[in-house]
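First the structure, in the form of structure tokens, and then the observations on it.
Each chain carries a letter (A, B, C and D) given by its place in the written order, and its residues are counted from 1.
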Amino acid sequence: MNHSIVYSNVRINESTHSLRFFMESPVHPGQFIMIWAPGIGEIPISFSSVNNPVEITVKIYGEPSKYIANLMPGEKIFYRGPYGRPFTGVTGKKLIIGAGTGIAPLMPLVDNMTSAILSAKTKNDLIFTDRIKNLYVVTDDGTLGIKGFAVDALKQMDINEFDMIYVCGPEIMMKSVYDYLLNKTDRVEFSLERPMKCGIGICDSCSINGIQVCRDGPVFSIKDLKNMDEFGRTRLSFSGKRIYL
Amino acid sequence: MNLNVDIGIKISNPFILASGILDENGYTMKRILENGAAAVVTKSIGTSERQGYNPPIIYENDPVFLNAVGLSNPGIDNFKDEVKIALESGRPVIGSIFGKDAPEFSELAKKMESYGVSAIELNLSCPHVNGYGMEVGSDPDLVYEIVSEVKSRVKIPVFSKLSPNTSNILEEAKAAEKSDALVLINTLKGMEIDIASKKPVLSNVYGGLSGKCIKPVGIRYVYEVKKETGKTVIGVGGIENVNDAIEYIMAGASAVQIGTAIYRHGIKIFNELNSGLIEYMDKNGISNINDMIGVAIA
Amino acid sequence: MNLNVDIGIKISNPFILASGILDENGYTMKRILENGAAAVVTKSIGTSERQGYNPPIIYENDPVFLNAVGLSNPGIDNFKDEVKIALESGRPVIGSIFGKDAPEFSELAKKMESYGVSAIELNLSCPHVNGYGMEVGSDPDLVYEIVSEVKSRVKIPVFSKLSPNTSNILEEAKAAEKSDALVLINTLKGMEIDIASKKPVLSNVYGGLSGKCIKPVGIRYVYEVKKETGKTVIGVGGIENVNDAIEYIMAGASAVQIGTAIYRHGIKIFNELNSGLIEYMDKNGISNINDMIGVAIA
Amino acid sequence: MNHSIVYSNVRINESTHSLRFFMESPVHPGQFIMIWAPGIGEIPISFSSVNNPVEITVKIYGEPSKYIANLMPGEKIFYRGPYGRPFTGVTGKKLIIGAGTGIAPLMPLVDNMTSAILSAKTKNDLIFTDRIKNLYVVTDDGTLGIKGFAVDALKQMDINEFDMIYVCGPEIMMKSVYDYLLNKTDRVEFSLERPMKCGIGICDSCSINGIQVCRDGPVFSIKDLKNMDEFGRTRLSFSGKRIYL
């Protein structure tokens, strides 16, 4: 088990914290680590910045995320990884489409050639709006920006402008973006989120059509997803029970 | 060149996916069957849905590999569809089951059989209800009862997977005598402590050691059991490459299962094992894999 | 900073040479005692001279380390001089003995005591005369009898070294309850086959697995036995560096023994462990090693 | 377990064979390997040539040495190693003193600056006399060369002529050479032979004064030996019983 010392912890909204710490292994955008809350649990977390001190952004749901979000500077943060296949970098114009905490892993892709569609339930759930210049905001309730879903904002844009589109968020949101972009462009990558227990391609909990999201993903191209009919349709629960989305 | 072996069922090569590794989702089993595995063993399935232990469920620090999944499974009734998906590959699926007593094992076996699996694998390493820290498999009377009852209730072959956490493997093997094959070995009990946090690394504290560390233990059990009982044996434990598989076969295994090595080598290991075996047999002038089984037994 | 621990005898640091490794020749034990080891355990000594098995007696293929020395020893009467030479170091020697029953163990213990050793270590992993492939240590009644009788015959502390080849360590530990400390673990049974010659690599076929592969098994036994019995435990199995030693101590070991690691690191490992431990305690503000014992036990 | 294919097997006297085979690891003069006779035994053997195909020279005593000496070209030879600390190479004038099969490990040191004292029981036991130019032969029975022991020949030489003296043979012979050279020169190395079971510094069967001959030797300088009072005096048998030489 690796550990590092928390360098900083900034609360960025009601239930979300950004933590920085130094990592020895290089990290690439889209990769993740399994963070251990000793005696509590272990969860996969992506990077909202891949440069040292790297940054993770954690939303509190249950006990493990709460433990991690509340780690104070000077405390030890335990992890294994980095794991997973990263996003493909491009030099030209980029569009990122993120919903909820799904915005976090897209942040390392942001530079001055990047546009973004950020969506969330309400205004207060939005994060990182201050870090992006060309920003399209979408909220479910219309408290900020367009009222609706990320795909609604996308439909108003000229997708041919972009050399690559990167998407991360709840699978249902990604599925709607996928359905819209299918047959329009091949230059799209999605970062999938499925229940992960091992993180290293052994336990089958994250699999989609026989592919391990933790090992062969979490990043998949739109082409990859064409062969995965479980995408947006079914997945296994923590027990291994098939769930229809 | 003949790579077919007979372990109660006939399979087209000796390489089988071990229980508990990438065999919970039917699509994954199907993919593995389409990529070189002669058969897959499903995750061990029980009567009802179980969450298993909280993560961390694995700990890896080469050469150590520990897991404590905690028999998480969707329950036998929810598993039907997964078997169905896996069977689309056209290759055999072996249904692994676990229970606390003979009636439970029998019920599970019958359901698995009805789903179309080709054989049943009894996971006898589950916790013994009456024995503190003991496993079902280290109670010979219980093993005898389970195997007898399951055998009398299903028509397909039955394999018994024995535990290495024992002082007398031959007694266990004897108790499981009615099985069509013995599967050796399950994981060795072990644990690690992270000294920086002063805490056990697995949330269940204790786990099972697998991978290269346990190969000598697996080879020993396969050799000893084959030598002393002559029964059909399926070898499992720490197989990382074709030489390891050949070692198990020479020790007496008719087929082998691969689990942990998938972590390092990926699913492609099955195709690699097949081509490695063909190359080895070619080079050594062996035309039938069955001629290699148990040749190291003196 | 206090590195002294009490395992029935007081020793000046927690690092002890394990039985069977560089402890047959008195001069070697003496050298090791003069180079950082707080104590040494002698090779296991029996009533009469034994050649042991023919070489190959070891097989090494990282991470696997197997041995089958076969309890070679000069016999208790010939061992007196070696103990005498080792004692010139001024540090404690622990006499390891093996036998088939309680009278044999008692005789050996008495002689060892008369040679000036500070404690007796009972090697309970020798073959059980009446049990096929079984070890003395997996017969709780026999263990109880041996420990009781030896305890009543000698004044020095008695340690019981238990076997990991068991389905029920707590039963074993209970049987050895009268011991002053429990030593965990001996080697795990294993073997390897050389596929080029199609032959087992050890002349005895079966051997004992030691070194880094068995550390998780050793940690588990130390943790479980300490947690469930509270007895003084000495940890052994796969300790390669100070972190491994600390892990054993946190799991509940009051002292640790080092064997196989000497192959890779040489005798200097004892001095390295001592300085590593001092550095660790310094960095973590620990002034007394005893404060670390068992801290990982929940 | 490593194995190689026997390249050649030459019988060099009644009971001694020289075998050649290729080894991947580099070998240095004085090192040894543990050669495995599957199902029979395993014994330490030095190199009489360290250049590929390397050469070993084996005298038949018991079953393992018999098996090895009779390995035919094309057959597999199984071994582990090389092990041990080699001789120190020097560029100047060298003297080798070898008795019996103890001559073998000294052969890789032979070049045109090397003189040799070779001793054996009788003329027929002598080996490698054809490989050395400046040769002094000694036999116990006087069937060839000087009648007597190696040290007798040594006493007639000017040892200051040599930049290094290398000695190998029965311990009793080496002890007599040691006693003679002690306080005369420090430029002497001895290759010790003790019962070896593990070959890797674990089993204690080869130890001398706490030093493992297999690991810290088999080559020791005359200075090293000054601190080893077991040399020429005692050793342990295969069972671990102390034997007085």
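Just so we're on the same page, a residue touches a chain if its C-beta (ideal position, glycine included) is under 8 Å from a C-beta of that chain, and two chains touch if they have at least 3 such contacts.
Fair warning: this is a prediction, and the values are worked out from it, not measured in the lab.
Asks: Could you tell me which chains are in contact with chain B and with chain C alike?
Replies: none
Asks: Taking each chain's centre as its mean C-alpha position, how far apart are chain C and chain D in Å?
Replies: 36
Asks: Measuring from the mean C-alpha position of chain A to the mean C-alpha position of chain D, what distance in angstrom results?
Replies: Computed from C-alpha means, the inter-chain centre distance equals 67 Å.
Asks: Roughly how far is chain B from chain D, going centre to centre by Cα mean, in whole Å?
Replies: About 51 Å separates the centre of chain B from that of chain D.
Asks: Two or more other chains in contact with one residue: find those residues in chain A.
Replies: Where chain A meets two or more other chains at a single residue, that happens at 39.
Asks: Show the residues in chain C shared as contacts by 2 or more other chains, in ascending order.
Replies: Residues 199, 298 of chain C touch two or more partner chains.
Asks: Between the chains shown, work out who touches whom and classify the graph as line, ring, star, complete or other.
Replies: Topology of touching chains reads as a line.
Asks: Looking at the whole structure, which two-chain pairs count as touching?
Replies: Contact pairs between chains: A-B, B-C, C-D.
Asks: Residues of chain B touching chain A in their complex?
Replies: Touch list, chain B to chain A: 21-25, 27-32, 43, 49-52, 54-60, 67, 69, 72-75, 78-79, 81-82, 194, 196-197, 199, 201, 203, 260, 262-263, 266.
Asks: Mind listing the chain C positions that touch chain B in their complex?
Replies: So the residues of chain C in touch with chain B come to 63-64, 66, 131-135, 138, 163, 165-170, 188-193, 195, 198-200, 205-207, 209, 212-217, 219-220, 223-224, 243, 246-247, 250-251, 295-296, 298.
Asks: Residues of chain A touching chain B in their complex?
Replies: 1, 3, 34, 36, 38-39, 41-43, 76, 78, 80, 196-198, 200-205, 207-212, 215, 230, 236-242
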